[in-house]
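Same chain, two partners: chain A is paired with chain B first, then with chain C.
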Partner chain A sequence: MCKNSARKAFWSIDAAFALVLAVAMFAMFSAMLYAAGASVARGAEDASGSLLSARFSAYALQQLEAGGAPDLQWALGRTGREYASVRAGNEFAEIGARGADIYCTQRLMVREGKMVKVEACIG
Partner chain B sequence: MNGGCVEARAADGSMNRASRFGFLFSLEAAFSLTLAIIASAYLLAFVPQKENAGEFLACADVAGALVGVRAFSSQETLQAAVDDAGSLLGACVEAEGAGLRASSCAGGSAKERLSFSFPVWAGGKLQDARAACWRAA
Partner chain C sequence: MVANLRGQPHFEATALPGAGGLARGQSSLEALLAFAALLCALAVLAHAAKAQSDAFALSVERSDARISLAHEALYADLSAGMAPSAALSRNLSGVPVSGGSWLASNSSGAVREPLFHGMSADAGGKYYVQK
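For the complex of A and B:
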């Protein structure tokens, strides 16, 4: 039996390469799982924020069409958020501290026979 | 093992070139490489889908607003209303109904468009109308 060859076969470049690949794959899969988790969390937060903003815009539009003004304080209390604003044409109202994650929805309504853009933001 | 030791060397004792580099260009390596390329190509499929609830609501509002401003009374009124809605929302808007048709900008494939059908009162009767919205290029 060729002892030197046997040791070489055990510690071959192929084996070393496989070991490096195994470590690299493990690290890569860990990083990928972490990134996927972070991405899903961010996506869920975005979906939640934009859907909340869409519902908030529906409330604002309903109030504006009824000739009133949306109660931003009430909206903040109901949603547990920290910032809300509504812009209807040249009118603007806001409440709370404007943070980094603000979700806005643009809507359109008819006021005095003219189209007006309504933008409702919440964050 | 001993046989492999002997076989790996040529008659003059030098290492067989094919054996030395065989592990790099083996069938297994080629197969792994193919699989890796296929897997990498599938990474492109993981594109986050854009949520468009806001666009859907805004386009529904366009349909309601066109009725609200009585846009289907003449071609000029419809064109002005469509242009107005398009510029307010920063999107392309197209409306069709009561024999009239107006668009704020050209283009927009069927896949990109959000369309709504709604009834309008024009010419003394209820008629079908349609409003479509899509993002400006």
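For the complex of A and C:
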């Protein structure tokens, strides 16, 4: 009888331990996949945002070189983003709500004979 | 039932015939049920793992498409006004949509990148970027 109880207890502990191991391994696997997926998506989002800000800075530079000002409202409507700003020397213009993910590109341009730093941000 | 030395009937103090087999059968059934439950639990875990792997693969595919599309959109915007080049007319992973103001991925339709310059395609499949 004692042997039988010990055998039953052994199998119960063994099965429970196997189940706990399986669940723990699955939880780790799940967490790892989620983190990897989020990391990859975040990297792609960063690359996309950085390249978008580079293109936005090209547009802003083009407008400033033409003697005008970049149309931020048009840029927001065109890109479907929520925030855009352009700083050219001491001049600054922005539109929309500044969120957490803002991508900026800084460039130099010659304006009225002087070197001016232009920073275009979009997010 | 056996007879003792005095010829009186005597019943052996043993369990009913077949009781041991019944207990063994019950144990086997319990073990079988426990094993089936374990297999079910493992099957559920494997199914969930497969679903998560598929979601991860989709995320990687979308991210790859987004990065490719972002580079192509950069190239398209920087080559605005130029003649259609071979690089712009080939190997594009997206097509212009919404009147040429967006570039949509061929592989993942939900992935789109905005364009600052309108893009259009001719009948030959070459893409032009407006100045």
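Here is the rule we use: the second predicted complex is superposed on the first by the 96 of 123 C-alpha atoms of A that agree within 3 Å, B and C clash if a C-alpha of one lies under 4 Å from a C-alpha of the other, contacts with A are read in each partner's own complex, and residues count from 1 in each chain.
Following the convention adopted for this analysis, a contact is a pair of C-beta atoms (placed from the backbone, for glycine too) under 8 Å apart; a residue touches a chain by one contact, two chains touch by 3 or more.
Note that the coordinates shown come from a computational prediction; the quantities given were computed from them, not determined experimentally.
When the two complexes are overlaid on their common chain A, residue A:Ile102 makes contact with neither chain B nor chain C. Look at A:Thr79: by the touch rule set out above, it reaches chain C but stays clear of chain B.
By the touch criterion defined above, A:Ser30 reaches chain C but does not reach chain B. Once the two complexes are laid over each other on the shared chain, residue contacts for A:Ala22 go to chain C alone; chain B is not touched.
Looking at the shared chain after the overlay, A:Ala54 reaches both chain B and chain C.
Of the two partner chains, chain B and chain C are each touched by A:Gly43. On chain A, the patch touched by chain B and the patch touched by chain C overlap at residues 43, 47, 51, 54, 58. Residues of chain A that touch chain C in their complex: 15, 18-19, 22-23, 26, 29-30, 33-34, 36-37, 40-41, 43-45, 47-48, 51-52, 54-56, 58-59, 75, 78-80. Residues 1-2, 4-5, 23, 48, 51, 53-54, 57-58, 61-62, 64-65, 68-69, 81, 84-85, 88-90 of chain B are the ones touching chain A in the complex.
Across the complex, chain A meets chain B through its residues 1-2, 5-6, 9, 12-14, 17, 39, 43, 46-47, 50-51, 53-54, 57-58, 61, 104-110, 113-117.
Every residue of chain C that touches chain A in the complex is listed here, in rising order: 34, 38, 41-42, 45, 48-49, 52-53, 55-56, 59-60, 62-64, 66-67, 69-71, 73-74, 77-78, 101, 113-116.
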